[in-house]
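Next up, some structures in structure tokens.
Shared chain: chain A. Partners: chain B in the first complex, chain C in the second.
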Partner chain A sequence: MTETLTGIDMSVRAPEDRFRARKVSTEVEARPLSAALPPPGRLNPAARKAYYFYLMAPAIALLAFISLYPFFWLIVMAFQKGDMGAVEWVGFKNFIDLASDDRFLSGWVLLFRYSAMCLFLQVSIGVLLAVVVNGSRYERFLVTALLMPMMMAPAVAGLLWLFLYNGTFGWYHWIFHSLGLLGSGSILSSAKTAMYAIVLVDVWQWTPLITLIALAGLKRVPRDQIEANMVDGASPFRNFFAIVLPNLYPVLLIAVLLRFMDNFRFIDHILVLTGGGPANATKILPVYLFEVAFKFFDLGRGAAIALVLLVVTIILGKILVGVFDRPTAGGR
Partner chain B sequence: MFYKPKKAVYSQISRRRFLELGGYGATMLGTGSLAVGLNSTIMSTRVQAQSSDDAKWKQFAGSKLVFLSENTPPSFAIREKLKYFYDLTGIEVEILTDDLPVVQQKAGIDLRSGTADYVLQYAQDKPIGAPFADFYADLTPMLGDETLPQDPEGYGDEVWFESFLDACGRFYDGDRVIALPYDAAIACTFYRKDIYEANSKDFEAEYGYRMEFTKDSTWQNVLDFATFFKKKKDAGAEGPYGYAQHQGAFAWTTQLDIQRMCFANGRWLDYDIDDRLGSRTPGATNWGDEQSVLILEKFKALADVSHPDNLANGTLELNTVYQSGNIAMQVQYHEFAASVEDEATSLAAGGKTGYAPCPKGVPDWIRNGGEAVNGTNCGIGGIAINKNASEELQRAAYIFAIWSTSADNQYEVLKGLGGTPTRKSVLQRPDVIAAQQRPSSMPNALTFEPVYDFGIKQPNFVLGPKIPKANEYHSIIASTTQRMLAGELSPAETGAELKSQLDALNEG
Partner chain C sequence: MATVTIRNVWKYYGQTPAVKDLNVTCPDGSFVSILGPSGCGKSSTMRMIAGLEHISAGDILFDNQRINDLAPKDRDVAMVFENYALYPHKTVFENIANPLRLRGTADATIKERVTGAARLLEIAHLLERRPHELSGGQKQRVAIGRAIVREPKLFLFDEPIAHLDAKLRAHMRGEIKHLQRNLGTTMIYVTHDQLEALSMADFIAVMHDGELQQWGTPSEIFNKPVNAWVAGFVGEPAMNFLTCDLKRRGDDVVLSHHNFDIPLLPGQVRQLNGAAQAGIARMGVRPDAMTVSMTKPSEAAIQGEIFVNELLGGDMLVEVQLADSRIRVKTTPEFEGKPGEICYLTVNRDKWHVFDAGDGHAYF
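So, the complex of A and B:
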């Protein structure tokens, strides 16, 4: 086919002209094309690497002081037993003891269960919401409304839901109970349901982040690929899985990584809602770490738990990046 | 362009003269500040401080103290009165209040890191006093020091309610006193007289005795009452549950909840140690023995017929359940009477609530040969001084400590916000005596008879266990007991699990 809607014969034009010709058309051109443009030529020659290092040196020194120095002490403390000031070197004892600490081991299991549930629900619902919101007449309003839970401090969100879940006057308790989803006891009063309660709070608060990131990704999905697929007769459903989702992988990677690490760090709402109970049912590892370090003041054991947690987080983060970093059909 | 007065000051003084005047002014200000500073230093010498009562109170004028406290009535009321303290002493005090677990964490970090950001601290007996006792200043050298102001009533054991000074002030060593009793939370029974009366006939027909609560009522009676109400609920009747436990998020109150039933039956204790002073080396625990397993069984039986939110109810939440009319009875701390009697927020107000001692043990439940008592436990909040602070700051803090625990202040707090006195003399005031009967202008006073005349007397009162690892001990008790209540462990398994974990804790 050589004729286009504008009536210009595309076959006889150079690629640059073809691009320019497409630019005059309407909304399609607001989106990038699959093939990347060649980078513009450099106006200035590259500076020596040392120059950049000197520029960054003060910031690096400051960062090193505020993060590496405590990290160094964390490592030191992991091999000690006792209080600040009065310590005793115990070698690897703190780490060895962890292997027989039931609360440490169950903390891992609960953390993975909690993290998996949160990530699955947040990514699924977040992407779905992004698709619904994208291009909607009320997009701006919906985005603003979705952002509201995220703007709340996690501890405040925890308090809010604590009241909503309250078995005496909680509104959500009443709804769950009326729907037959709950018995007469509060969702937080049972070891079987308390974990779902805290997952729900996390999903409520942080799904909008995934939605926001996915929405940004949706804006960058190349329209020409979708159009081509549609010309080939693909359904919108097929389009979503074959074109949209693969193109969303890079942004979803960031979102999943962020939330994955947050699940290992944010325990405010858990502390407010259950304190790790009942019966240790929500005592995920970071909650146990907090308890050991700042309630029992067993700093050596706390440091050992923190180090193990850090190492595992790094390894899992690398694995996650590896999984998402595979080349995709979208041609990232 | 602008109006220029003929005798404008700037036109009469040269720039040089202006700078000279500024210099003089700065010199005079500096000299004045130095004089004030020197005066403060001179006044703070102990010889000078003895010259008059006023000098003793004012010897640390200009000092600033931060008091980290729990968000309970005494601290709120005293915060309102800080201006009086400032006028009296010239010492500026800032009171920071928070939930007890947060106070516990902040105090621990401050004490253990060798700093004194909080010179004065609310040292709740077991969660703060027991783990951090060594980090607080010994008050005994200051008690009776003639260079410091002193409370005319004194500070001996006889001026406080029985065992209060032991509870919050003495840890592991009888010679040191690290805190003065600042407030108290003593357990007693709150029950709905109106609901008991309304159900008494039906109950008597089924169980053969009247539904009423007295100092002789036992844990078996509580179990019967709770079972009776549970059956009615299960049959679809409107009305409350009979009982609810404190098995929620805060580990310490969860431990106290089961401790009452354990102590009531044979005065059973977790460790064979001095209950008054505690021990740094408590040795093997008694959990897992026949007596403890039997009580765990009874505790589980009671949980099964109690309010379904047991495992979510901390002390505050439990009181809300009671206030809302969803339970007919609770064993609660006597400081909550003021909120229960508040008609604006409580369905249990207006004379509906009766107050009685904690339930008594049941002879048939006793296997250790001990006696059945009205097992009553407590949280005695002391005011303590951070040992990391300088000696001068410690002495300034001492002045605040004795002022805040004075009988006059305790009386004011009781009258205003519903405090819980620790000095005996407060209860001898005529209007406090009158307030112990309805209608009462001081609702907490309605609990004074079961608490101060009965619960805290021996053989009913249990103070400990005071051990350095108290907080991890509370956590283990709470989570393991909760696992039993959730059906994960049997009572025997719970006893064995507690034995295993607690012995490992104290060996480690």
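So, the complex of A and C:
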């Protein structure tokens, strides 16, 4: 590009160069492959659609190979009694069995409790942090510092907290024990506290993401609306709820959507910390799914759980978008 | 209703002064316009009055009560912003009701006041809409509605009609002035448009470079500018300036230019007060304080060459070349001079001005 431009510039300056440039352009015979197709501007709508399809075809093919093919296999597997060897069609039996599977049902309850706690804490703390960081003199430094937990692999974070929670030398264990907040057991070995422990790890690791997103949102809250509301008679506190928060809704939607789907998928730190125990107290559905599919190798049943989980995730995501996307919450 | 006193107010942004030692008193119930080009400190001044900007030095008083340290919500002012600043997630009704809601007014009163304000501004049919469904003019009315729905001590209007089209702007000028007269509330109106200030305000504060240039009624500002900058900023088409020599000739003082020698009126000689009786000065004359003709009307007429004619509908503007400078004269569309022809200018000496060549202050 730059060279072409330089060529043109020179041709303007010196007439000899202009002739040379023309000669070159007539001699070029090899045109790019895409030139075989007419440019879309001259096509009727139907032909234009086909043109766009050709352009996207390679990407679609790749996507189909790495994503769609396994997905269809998942559906097929859900209707089979599958361990590693023999394959047998069982129809809806896998799904029907799930209805009477206590672990499956309690997995749902635990998953919702876990996700609700994580989302509530992450959004409220995340927005609060964003407000504190926003406009601070040390904003750049604070943002960098906040990012650090996010940079850590979830399994590593799990290990880190495993040490902090450890019943023998764990720092948090020592603190809580000294404060008398903990009985004789360790944090992770008590069914009462294990769930809060894994929630805390998720909050620690992913609240910064919400803070980052909320910070970006805060930057676009129109200053004049805040000022108008101040002159109208609002205190800073009311100003936040009346102007700042409604303007944050669209970005918070994205944050909540991301985090809620992650909660349904990321179980690295749970596997490291508790593996679903003690006494299934932290066996949220994805952990159970992992256990069924890759510990018991009941792949058909695992596929059925995965499929149900997927459908519920999609439905919840849709509902979430619907709730937040009302015109009341929109921008200008 | 309040008298607003601005006493020795300074505003600094870092090391840069935006407002320098401002002293203004806006009488109770008056319509005061702060006029100046962008960056002259007029918006900073208004924002300091509203409480949105810290006052670096000096005091602002409402009715002799110092309000420097009051939060915006406690100052009892209502403000209309340049880009309206409506709340997009609220209906027009709720936008207008917002100041009342924040003060915990009863629902019935709110309904009554909002519909009353909406009827006054002719937006009663829009109350259920949201801001993004409104046109610029309608948004601006909603913003005004939000200001007038309660009875504040003071209205602050920050270029509220700058973004409307010319026709609507002319219409809204009349409406805002009428509204202020009816409500009787003190109003401070910031604008860069001298026509808005002249046509609406009781008093105008002209600012330039953070300093107050002149305070006065519109006719004082227009007819008796205190310096060349005010004279050049106010009035459209702008005032003509010519650098001339002041020469004493017997008892007279003569304004002398390459193309003319015109004596000052006796009163004007006294106003010169001995200063600059010899030396250079800047003569200023508005385009409508001169007449142009193709025949020589008198010996004192100034000879020039027509440079170009501009027809402005009801008027014609003739640009005349005088030696190395050009001046513009307003005349009627019937004027038949053609570019390149010789014409003659007669100056109305009651309406001309002489400014100091150095600091630009006006002798008269």
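The criterion applied here is as follows: the second predicted complex is superposed on the first by the 274 of 332 C-alpha atoms of A that agree within 3 Å, B and C clash if a C-alpha of one lies under 4 Å from a C-alpha of the other, contacts with A are read in each partner's own complex, and residues count from 1 in each chain.
One rule holds for everything that comes next: a contact is a pair of C-beta atoms (placed from the backbone, for glycine too) under 8 Å apart; a residue touches a chain by one contact, two chains touch by 3 or more.
This structure is a prediction, so every number in the text was calculated from the model and none was measured.
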**Message:** Taking chain A as the common reference, can chain B and chain C both be placed on it without clashing, or not? Answer clash or fit.
**Reply:** fit
**Request:** For A:296, decide between first (touching chain B), second (touching chain C), both and neither.
**Result:** first
**Request:** Based on the superposed arrangement, let me know which partner A:222 touches: chain B (first), chain C (second), both, or neither?
**Result:** second
**Message:** Applying the document's definition of touch, where does A:234 land relative to chain B and chain C: first, second, both, or neither?
**Reply:** second
**Prompt:** Of chain B and chain C, which one contacts the greater number of residues in chain A?
**Reply:** B
**Request:** Answer with first, second, both or neither: which of chain B and chain C does A:89 touch in the superposed model?
**Result:** neither
**Request:** Answer with first, second, both or neither: which of chain B and chain C does A:246 touch in the superposed model?
**Result:** second
**Prompt:** So, A:185: does it touch chain B (first), chain C (second), both, or neither?
**Reply:** first
**Request:** Answer with first, second, both or neither: which of chain B and chain C does A:163 touch in the superposed model?
**Result:** neither
**Prompt:** With the two structures placed on a shared chain A, what shortest C-alpha distance in Å links chain B and chain C?
**Reply:** 50
**Touching residues on chain A, where the partner in the complex is chain B** = 83-85, 97, 103, 166-169, 183-186, 188-192, 274-281, 283, 291, 294-298
**Prompt:** What residues on chain C touch chain A, complex-wise?
**Reply:** 50-52, 71-73, 75, 77-79, 81-83, 85-89, 98-99, 102-103, 130-132, 146, 156
**Prompt:** Which residues, counting only chain A, touch chain C once they are in their complex?
**Reply:** 222, 224-225, 227-235, 238, 242-243, 246-247, 327-332
**Item:** Parts of chain B lying in touch with chain A, wherever the complex brings them together
**Value:** 101, 104-105, 108-109, 112-114, 131, 247-251, 308-313, 317, 320-321, 324, 326, 469, 471-472, 475, 478-479, 482-483, 485-486, 488, 508
